[in-house]
Amino acid sequence: MEQLSQLLLAFIVFLSLYLLGSSSLTGCIKIVALQGMCLGLLPLTIHSLGFHPRALLLAAGMFILKGFVIPRVLLYAIREVKIRREMEPMIGYTLSLLFGAILIGVSFVLAERLPVPPGLRTNLLIPVSLATVMMGMLMMISRIKAVTQVIGYLVFENGIYLFGLAISYEIPWLIEMGVLLDVFVAVFVMGIIINHIALAFDSISTEKLTRLSD
Amino acid sequence: METLRLVASYLMMVILAPPIMLGIITKTKAAVAGRKGPPVLQPLYDTIKLLGKGAVYSKTTTWMFRLGPVVSLAAVLAAASLVPLVGAPLIAFNGDAILFAYLFALGRFVTVTAALDTGSSFEGMGASREVAFSSLAEPALILSFASLAYRSGGLSLAQMFAPHGGPSAAASAILALGSLFVVLLAENSRIPIDDPNTHLELTMIHEVMVLDHGGPDLAFILHGAGLKLVLMTSLLVRLILPEMPAVGAVGSLVLGLAAAAVVIGLVESSMARLRLVRVPQLLVAAICAATFGLILTLR
Amino acid sequence: MIYLLLVGVPFVIGLLALAVDSDERRPWLLPFGCAIHSSIVVACWRTLPEPIASGWFSIDGLGLLVLSLASAMLLVCSVYCLEYLRLRRERHNRLFTACLSFILGAVSLVCVSRHMGLVWVGMETATLAAAPLVYFNHNERSLEATWKYLMMGSLGIGLALLGTFFLALAALPNAGQGDPLVIDTLVARAGTLSVPWLRGAFIFLLVGYGTKMGLAPLHSWKPDAYGESPGVAGAILAGVITSCPFLGILRAFQICVAAGLSGFAQSLLVMMGLLSMATAAVFIIGQRDFKRMLAYSSVEHMGILVLGVGLGPTGSFAALLHLINNGLTKGVLFLTAGNIHRAFGGKTMDHAHGALRRVPISATLFLLGFVAITGSPPFAPFVSEFSILRAAVDGNRFGVALGFVGLLAVIFIGMATTVLSVVYGVPNTESKEPVQGDSPFMTLAPLVFMAAIVFLGLWLPNWLTTVLGDAAKLLNGGAS
Amino acid sequence: MILLLAAVLALGVAAVLSASLFRHGHAARIIVIGGLAAAAIAGGALAWRVLWGLEVLDFIRPWLVPGAVFHLGIDSLSACFLLLVLIVGGCAGVYGEGYIAASHGHVPAIPARFFFLVLMASMALLVGARSAILFMVAWETMALAAFGLVSCEHGKPEVRKAGFLYLLCTHIGSLCLLALFALLGRNAGSLEFSAFAAAPALPAAQRTAVFVLALVGFGMKAGFMPLHIWLQEAHPAAPSHASAAMSGVMIEMGLYGLMRLLALLGPVSMPAAIFLVALGLVTAVFGIMFAMVQRDFKRLLAYSSIENIGIILTGVGLGCCGLASGSPSLALLGFSGAILHTINHGLFKSLLFLSAGAIYQAVGTRDIEACGGLQKSMPWTCGLTAIGAAAICGLPPLNGFTGEWLIYSWLLRPDIGHGMRFAALAAAILGVVGAFAVVAFSKCYGLTCLGQPRSEAARNAKEPSWIMLGPMALLAALCAIIGVFPAPALYVAFAAAGNVARLARPAVSSGLDEWSRLLGVVGLLGAGVCALSALLWSLRRSLLRRRGVAAGPTWGCGFTAPTARMQYSGASYPVPVTRVFTALLATQEEVHPPLGYWPVKASFASRTPDPALERWLPVLVAKCEDWLSVPRRLQHGRLQLYLLYVSAFLVVILLWKL
């Protein structure tokens, strides 16, 4: 079990890095979906208590939502506004990958300062979740298309959820609900906004959204 | 009785001294120039004659123009009461020196405004020059007053302008004297700062301000100017001259005044009027002298 | 029960508003709902309700303050809305009206819930409910503003959630007995919390809620959102919605102090406070758009709030007082700014000149509001700002005091330039739409706020003082 | 003490009524004058009681504002300023009614009335305030009311500029005062003035801080060089009765603050005292120099206010020197000189501003070059102006001399310590200032009222209504009375000075006897001058009665066709002096000399910009501008950047603090 969870975590980090480097929009969405599925599997593996009914429930919910529903919404959105597939990051792919690597380092440094919470099989969870959060933020910062920023936000959310796993048993299920609600609403609202942007600018590049400034 | 005598002699000095002193000055100048010159009492005759005359007033002028000569003479008369003309002053108190200076300022203010009242460009010019030069003479006057006050230990003219001993005191007194002499020339518009009997308006300072006055007004003005001269000269004389017991206080003062008149006459006939642009420099020099004198007293 | 009412009534009203489909009649729901809510709040003032649901819900001084502020401001603003929405016939106000009362509900949730998770949920609801307000004008600029507001807001919300998780991890050692995220439990067992996690929690909560509150350098959405939304939305954003994240930060601070981390927390707060004031000063100088100027002034005052909290008990008292004063004054400023904006059809110095001639009452109130917000007596903000200054000086923080006064001066210069040129002068005659002067309700609302400011500036009621004192004690480790 | 409250309330109620209920016509006029009268009666009675040594209990009530107590108290210092406020303000207020009526709507009546009365009320409250918060409330209300008055006619851009500048300066000053009181409150543990007085002495560094803060905070209001920048802009902008009250009383409140602080905290160190004297002299010289070269007569008056503030500050500094050198008599002399000059300045400066207002309304311009010959058309106004001008030059029969005389006799006192002989130089500088004042005001009065009219408007100007002339006459009468009979004013000044120097009444009264004797003689001589003038005048009359008096044209020295334009102009009049100080004044001249044999047109224009406002400040502002432009780029408009700020800040904080 432990190896499996380690493996999954490593895979999640790898997926985030891959996202930073990948250029195709649909590809990105698919990768996020994949990452979501991994997250869905993770609770089954990570805790010493093994197959807990709530863990199953949570896993199923996450698997469906992050793996299928949200990617569908996104794909629908980009089909609606028929944007060009390829997209250009503000900083080149290599550089953003480099930053991603640095952020992973940073997150491990930070995790060093935090004691490992009890009842956790792997001490990899905290740094990985921090790294995912940071890479999500990096993606939001470095990409231009609105959709990609949404994807970045999804990665960020995945990181938070990953963190939530660490304590998913100690505190009631409200937190998970919070995560789901958060992800769902975020994507939902942003989808609407993207459509409006499309109507307003007939392209969803945020380049146009720089009128308001001092 | 005593006070009555004092007042009487005071009036004598105030009425007679100015014209006679002016007369002596003109007489000296004439003598130096090798002329006979008018009699010594000529200014007195002039004054009396002017008092008897009528007056012509410009249609531009208002009551300010008529008030000017009156108030300026009154101010000088009031100043006279502070000066020990007959041994002791009529009124003496600590700080009357400042009042003395400001009474002259009052006279200047009304003369200047009276001049401006005529609306003549020439009189405006005279007024402008008068206020300018007097504002440079003011610090010299006050600084020399200060050094004299410090050295005599009192801020009353009677005290300040009494002869005192002491070498350093003497030195400072001499410097103060010098600057005071320049102030005297400036205040009374004598050569080398101003020429009382020039006839080119463009070069005048004081005379040009009184061009429009005539009759009693002019008499007041002339007498006031003369009295001003007498007052300041008598102060200087008291500072220089020790009181001669033979002739008494009044006598020594009169003699001193006569001598001063001769000196002024000699100065005026020996040198020419300065160019107007040079006048401020002379006054500033006086200020420097007074400051130096002050520093000497402080030492 | 009373909690249910506080949270439920607004949501019910909001749903009703969604149901009603007449733009004329719908707005009347708002004052109605707000009045009910306010009466409940008054009831709370009389007797504080008991905690329920194993301490998940209860009201303490802090919550009561924010709750009352929110309720009162929304009541007055809803009156303003009646007329405002009548003037804006061209827009459907269904979402606008509903969201206003959803906001009230969410804010009430934040105030009455003592569970950090619930606090967070309420915060998120408030954020989302505010988005349609920002987007009310439906033009490109408001769209951009909304986009930025939502992205930044979501980021902040996410970080705040992460902070909440950190808090839970800090509380893990005493998991099992009770719910670890209930504030009272956290404060009670503060000694047993694991310090590194708590530090992390505070940092994440500060950054997360700070983003929503608009502390520099996390403020960058603020000028856009405030500048492009209608005046009344600005008033609610600046007066009500910013006070929720502030409450969240206060909760975190409360726990840190109880756990003996007060030095760490205070240093962070003071730093962010001064930084926010400095940033505001930089951008207020030479600001030509008076709504953006107000936004930056809001950044400044958020800074003043956290600065005050960072200065210890007296400072916290002043900061809590300033929370109320700032909210009310911002109400005056934004509402009158909206009126001026509408009277001139523009919100920059180039459009708006001589407002005193065109909308005399609004312009006078705008001017007075400016004088008040910059801390001149006899207005209320003077009292709080002066107390904060005294707190700094009394605590020997002379550098902080110097920075505080200096920044206040610079900000005053900046605001005066804009405000005076807007208020005074002669209006340029060629204006597009027919000029509309002052209208009763829309001047009444800011007038009420102004009256409140003057009153509080000259006479701070005892009951308010006691509650403020209790809250300040609560914050700084005293027993509630 | 109830009386003070009554006065404040009367003014406040009158303000509200005149603004709200009775907006127009006689009702408002009656309300205003009634309020002023009621306040004057109540306050006057109170001041009388205090000055004549009767005990007045403080009025202390709890005040539900953190750290505040509603504490009113009054001592001779307060009473002295209260009297000044009520007299000058009352005259200005009554005049203002006529002024507003005669302005035909140029001066908006409601704000002019309302803010004026609020200004009065706040000043009356200010002198009674005995706790920092009450003081600040009164202070700021005063400042805001004055701002309202300045920007009454905000249609004009220069008025807006002036109002903006004034608001800036006053608010920065208030912030300094806030810091000051916070510092004192920290030391005393309370914001009560009595606690300040009782508190232990501050450490040296904080003492310096207090000194600087007080100097900036109060000096901004009083207009010490170079903090004066708002003054010469605001006074011309305000309606004349407002500028009279502002220049006559409000700016002196800054000095009241300084003296109040001295009375609370005790003597300052010798260097600080000497610094005060130096600052006062610099301010005085600067003010009068720039007054000389103005062509707008209200601006000229404003600059001369700076000068007089400088003289008063010199007096205060001398008093501090006395305290620092442990000589109570010198301290008393300095302070009393300062306070006496404050009273006098309040009287003649408001008189001059009022007459300036009358002339402005009659001629329609404030430009000296467009006036002239007004003494024929409006003899009363010009006569009163003459009195004011003579008084402000400090000429003997009038009150201006008395205060200056006290300061002179401090400076030239032969028995002051050897270390303080620098005083003589100060005396010389004061002498220059006095002489320059003669230049400035012989110009102001002479060129405005005398000579030939320089414009059509000046030729057919009209005398203002009695309601404007009455207050002016009253002020002029007070100037003359104090000049010839200074004893009462001196008594007030000494009582107040005793408070400032923290001396007991016996010590004060012994000093008072000496100096009132001397000043009595001065007044006597002044009366003598008047008597002599009357004598000579009647002599002249009798002489001229016998002879004829003819009228003719002014003697043109042979030039037969002089015109009004050939008179000496305001620009050319002070030139002989200004030529000497070109380097300091930096007058800008624009000369187009007549060219060729048949010159078509030639012109000469000169202007002297205020150095602090127009030469130093812009440089500073420009520096700040380009310094600020760097961080402005941060608000770039790009969402990605904003997100970057958040993330970067988070990471930094985490690495630093976690």
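The first chain written gets the first letter, and so on, giving A, B, C and D; residue counts start at 1 in each chain.
We take it that contacts are C-beta pairs under 8 Å (C-beta built on N, C-alpha and C of every residue); 3 or more make two chains touch, one makes a residue touch a chain.
If you're wondering where the values come from, they're calculated on a predicted model, not measured in any experiment.
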item: Set of chains adjacent to subunit C and to subunit D; value: A
item: Chain whose Cα centroid lies at the greatest distance from that of subunit C; value: B
item: Chain pair with the higher count of C-beta pairs in contact (A-C, A-D); value: A-C
item: Subunit A and subunit D: spacing of chain centres that average the CA atoms, whole Å; value: 70
item: Approximate Å spacing (C-alpha centroids) for the pair subunit A, subunit C; value: 31
item: Mean-CA-position distance for subunit C and subunit B (Å); value: 79
item: Centroid spacing, where centroids are CA-atom means, of subunit B and subunit D in whole angstrom; value: 36
item: Junction residues of subunit C - those touching two or more other chains; value: 147-148, 151, 155, 196, 200, 223, 283
item: Numbers and ranges of subunit A residues touching at least 2 other chains; value: 113-114, 137, 140, 149, 206, 209-212, 214
item: Listing of all chain pairs that touch each other, if any do; value: A-C, A-D, B-D, C-D
item: Interface residues, subunit C side, partner subunit A - complex; value: 117-118, 120-121, 124, 128, 131, 140-141, 143-148, 150-151, 154-155, 157-158, 161-162, 164-165, 168-169, 172-173, 175-176, 179-181, 194, 196-197, 200, 223-224, 227-228, 283, 287, 292
item: Contacting residues of subunit B [partner subunit D, same complex]; value: 51-64, 66-67, 70-71, 73-75, 77-78, 81-82, 91, 93-99, 101-103, 105-106, 108-109, 112-113, 116-122, 124-125, 127-129, 131-136, 138-139, 141-143, 145-147, 149-150, 152-155, 201, 211-212, 215-217, 220, 280, 287, 290-291, 294, 298
item: Touching residues on subunit C, where the partner in the complex is subunit D; value: 147-148, 151-152, 155-156, 159, 196, 199-200, 203-204, 206-207, 211, 217-218, 220-221, 223, 264, 268, 279, 282-283, 285-286, 317-318, 321, 354, 356, 371, 374, 376-378, 382-383, 386-387, 389-390, 392-394, 401-402, 405, 408-409, 412-413, 416-417, 420-421, 424-426, 457-462, 465
item: Parts of subunit D lying in touch with subunit A, wherever the complex brings them together; value: 632, 635-640, 643-644, 646-647, 651, 654-655, 658
item: Contact set on subunit D toward subunit B in their complex; value: 372-373, 375-376, 379, 386, 390, 393-397, 401, 405, 408-409, 411-415, 418, 421, 424-425, 427-432, 434-436, 438-439, 442, 445-447, 450-452, 518, 521-522, 525, 528-530, 532-533, 535-537, 539-540, 543-544, 547-557, 562, 564, 566-568, 572-577, 580
